[in-house]
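So, here's a batch of structures to check.
In the two assemblies presented below, chain A is common to both, partnered first by chain B and then by chain C.
This part shows the complex of A and B:
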């Protein structure tokens, strides 16, 4: 208790210096937390993916579609439980700035494969019954103030014309890692319209989502599906949903690496600042440490006091930074709109932030504690004189 | 009252689980220094600070070490106090060869046997007078209640009961030195070393501090070794030892 008192009083001795150091730690660790959260958001799609689902796409590029007839053949591949269609729509809601992902899906197969999208039975029934019906994630609906029954017009960019959907359901995520910013409507509606307007583009889909009977068989089933369509006009590339999502992440890997590097550089910088503070603090108190040693306190006690003070300052900054990261992350997510569908501060990030604070406290105290422990009593006492 | 204070300090000290407490044997010096030398080596140059010192200080003595600056008196005091080591020679306190003690043992020995009084008081600025006096007791196993009793006794002895909650920067130089004296006394050490205890004080306050040291010596039987420049301060001692250029001159 006495040591705690001494440490706290020492930490607050130069209030301005301590406050400025804590502010520096708060800024650095908050920045670290936000940057880690951005990186997490990038990987959120991959992390939320199921190991029991595969995605089959055109082997040449995702831009090219595949014939609907593949569905039946994929269904016959051993190990496949069910197949659903999904097509990127790429429509514009009111203005180009209002970006959010839209997919034409073959409900109910698709919804059955994604139990993490939670709809009430009434909403699900209403959606399935309405050919022009749509469902949207809670975050998306809240962002635009949509209510059930609202007419939502989308201007097609890949599929020309203005498409008007009736919102029949708002889904919630099973957990906070579930994307709640996507808009789904019926693939049949898209396909029937294509049949009327552009018959050559009908009966095509962007991807097949495959539900596996056994996730352990992902590799074998993927190979079997791709082998089925070898040497056809549209060869396929089948991969796990996670690998499919990571393919998108890989396109921006350099940016991610830069963000990760910056997040760690920030910690190294604050480590240097904190080390300087602790070095100054210890140097000013050599006389006091010498007095303590003369009174019979050991080297370990002196080192412990410096470590404890360093940890106290670093953890105060770390705790404040963690507390600040949550509202800042929320504000950042709001400002970004649907750019990051899943954006939240994870437990891992909080642990890393606190770990960074402890590391900063430890590293900053090492040299001053070592020097103070080694300083000869007579030299320290001379410093007082 | 005087006997009461001594009894209280002694009784509490006996409760501390310290096994390193020295005791004086009748007829034997408390401090026995034989052929003690200290020198520093800078490159190829050897700088002698103390040369072949022989000195005995008996329990209950009050010795003043005098000499010009650089004569080695503070170095000798530091060695007696166990915060510096000689280059050669023998130094026994209460029969204990403190030169042979390791750092940790020497720290424990100092905590149990030596009370320090410094020229600039060396109080912890973030602690109150009470907490500064209590500080050395943190190395004992005394309970909080026992510590309180001892600190209050020491505060009464130095006449600062009403200033116990004051921080060093709220005290005068004389009061700070009284707090330092109470801190030196709190573990009931046999030996008190004082390095220029009046060097930073005016004449009147210095007189009060010397009177207090004299009380500690006479009433509590403390052995005091004091370094001073001031002949007036040296008059308070029973015996004056002069050092010149590292050599004991009388």
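This part shows the complex of A and C:
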């Protein structure tokens, strides 16, 4: 009991120094937590994907489409429950800065495949009944202040012209991992317009989303679908939705790795700061350590005291940082809007933050504890004089 | 105003407490390293794309399409553009205009096997003349009318099947890589080039993606842009080639700069606190010394300057070490998807004089902020109290 008191008293002896060190740790561990959360957000799309869905695209690249006739052939492949169409639209809402994903989909097949997008029955009916209708995620609608019935103009970059949609529904996510920043409208509307303007580009789709009867059969069904279109004009590449999403993550992997590396740099920076604090603290107290030893306390006890003090400071900072990370992450997500559709602090992040705090406390105490343990009573006592 | 405390005295204080100096300056050096590398990355990206375009070349794409890959210019429209009077001619009297199909294909990276989108551009002999920076460094040029391609050196090195003598399979054909070209660290280093007509056939396209031509008089650009964009037969927009590529670096460079600067500023708080702790300790352990200096006639301002100087020196030391470490990053190049074009782009870390100044300024600012309060405490001390503390 007295030892705990001694450690705490020691830690508070230089109040300003201890407070500054704790503030430093809070800043560093909070920054570490936020950076890990940004990395998580990158993978969020892949984590939210279902293992019961496959995505079929043109084998050359996503820039190339596939003929609509493939839909029937894919449906006939054993193991396929249903097929839906989806097309990346890439329109600009008011200004280029307002980026959010937009897809032309074959509702209702697509909506049935994604039960995690929750619409009220009335909204669903209204959307299905309106050829130029659209639905948007709750987060997206909040960001631009859209209400049901609003007219939303999108300037096409891939499909020329300005397209105006009527918002018929706002969907919620089944859980916090569901993307609520996407805009969906009818594939038929896109196709009919293309038929009139650019007949060559009609009856084509970017991807087919395939619902499996049994998720265990993902590999066989993928192979069977691709075999169906082997040596045709548009060969296909079918993969699980997760692999498809991870493909996008992999493209920007270099940036992701840099963020990860940097998130560790901040821990090293704070380690240097904390090590400096502990080194200075121990240096000032060699006389006391010698006294303790003279009174009969062992080397281990002296070292333990330094470690305990270091851990107390580091964990105080670490705990405050974890508490601070949650509101900051929320504020960051609000500021970023639809850029990071899914943004929340995971349990793993919290564990890593506390682990980092313990590591900082441990590393910072190593050298001072070793030096203090080795201090000879005579030298230590002389240091006082 | 009395005399100042010698710089030598200030510097020696840092040497006297070596471990503390190393730890504090080390923290600052890491912050400066992150700050500098991020700016170098953004500068490298911008330099690569800005130098890709020529000032007297014009790129014409479909209005509103933003990138060549999303654009489409059909043969009729391309013909109208071709009839413009302002197009330069080469020594042989041929008009320097190139109608090019540009698509993306998925290729697997040699290092990880993961795939990324690579630009394939169909070019004509005129297209090559429009890009004088492109030189074949290995193998030879593709022969027109064949399934031969040449690969930019970043792609040849980074992707499976894109090296000299290897073959790529796409659009139901095998394409042999017969040459590797160096485009002088521009965006073209991240492209594969083939015969325009062959690629159109293979991808079953009837129209081109973009039309590029060289102006007789670069000053006439605005007038020509007006002509093209107001022509009722055309639905196109024209940009100077240099502007066109520079614009493509905008969002990724902005993203890197914003993210990197915010990270550096947050990190710097840690380093500033480190400097503050060090400087407070430095003041606390030298109270008697400060009293003596004051008694000798050094003014409060001189004391303030001395401690602030010590902290600035600490910052400068960190800044220089951080910059030296960052300068080694110039040997590295990074290859990632530019999310504006959705295509792979290789670029390297580039250290510019303005980054050197910004980093050193940042380091000195950290030293100043960290040292100010401790220095003020030292300067405020009363001579009697300070001497009694001894």
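Please note the rule applied: the second predicted complex is superposed on the first by the 383 of 385 C-alpha atoms of A that agree within 3 Å, B and C clash if a C-alpha of one lies under 4 Å from a C-alpha of the other, contacts with A are read in each partner's own complex, and residues count from 1 in each chain.
Note that in this section a contact is a pair of C-beta atoms (placed from the backbone, for glycine too) under 8 Å apart; a residue touches a chain by one contact, two chains touch by 3 or more.
Computed from a prediction, not measured in an experiment: that's the story for all the values here.
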| item | value |
| --- | --- |
| Joint occupancy of chain A by chain B and chain C, clash or fit | fit |
| Touched partner set for A:9, first chain B, second chain C, both or neither | first |
| Contacts of A:20 with chain B and chain C, given as first, second, both or neither | second |
| First, second, both or neither for A:28, with chain B first and chain C second | second |
| Touched partner set for A:287, first chain B, second chain C, both or neither | first |
| More chain A residues in contact - chain B or chain C | C |
| Contacts of A:148 with chain B and chain C, given as first, second, both or neither | neither |
| Which of chain B and chain C A:262 touches, first, second, both or neither | second |
| Minimum C-alpha separation between chain B and chain C after superposing on chain A, in Å | 13 |
| Footprint overlap on chain A, where chain B in one structure and chain C in the other make contact | none |
| Chain A partner contacts - residues on chain C that touch it in the complex | 19-20, 23-24, 26-27, 30-31, 33-34, 41, 62-67, 69-70, 103-106, 112, 114-117, 170-172, 203-204, 206, 235, 256, 259, 263, 266-267, 269-271, 273-274, 276-278, 280-281, 334-337, 339, 342, 344 |
| Parts of chain B lying in touch with chain A, wherever the complex brings them together | 75, 78, 81, 83-84, 103-104, 107-108, 110-112, 116, 118-120, 122, 124-127, 131, 134-136, 138-139, 183 |
| Chain C-facing residues of chain A, complex | 16-17, 20-21, 23-24, 27-28, 31, 35, 59-64, 90, 92, 96, 155-158, 160, 200, 231, 233, 235, 237, 247, 250-255, 258-259, 262, 265-266, 268-270, 272-273, 275-277, 279-280 |
| Chain B partner contacts - residues on chain A that touch it in the complex | 2, 5-6, 9-10, 13, 287-288, 291-299, 376-378, 381, 384-385 |
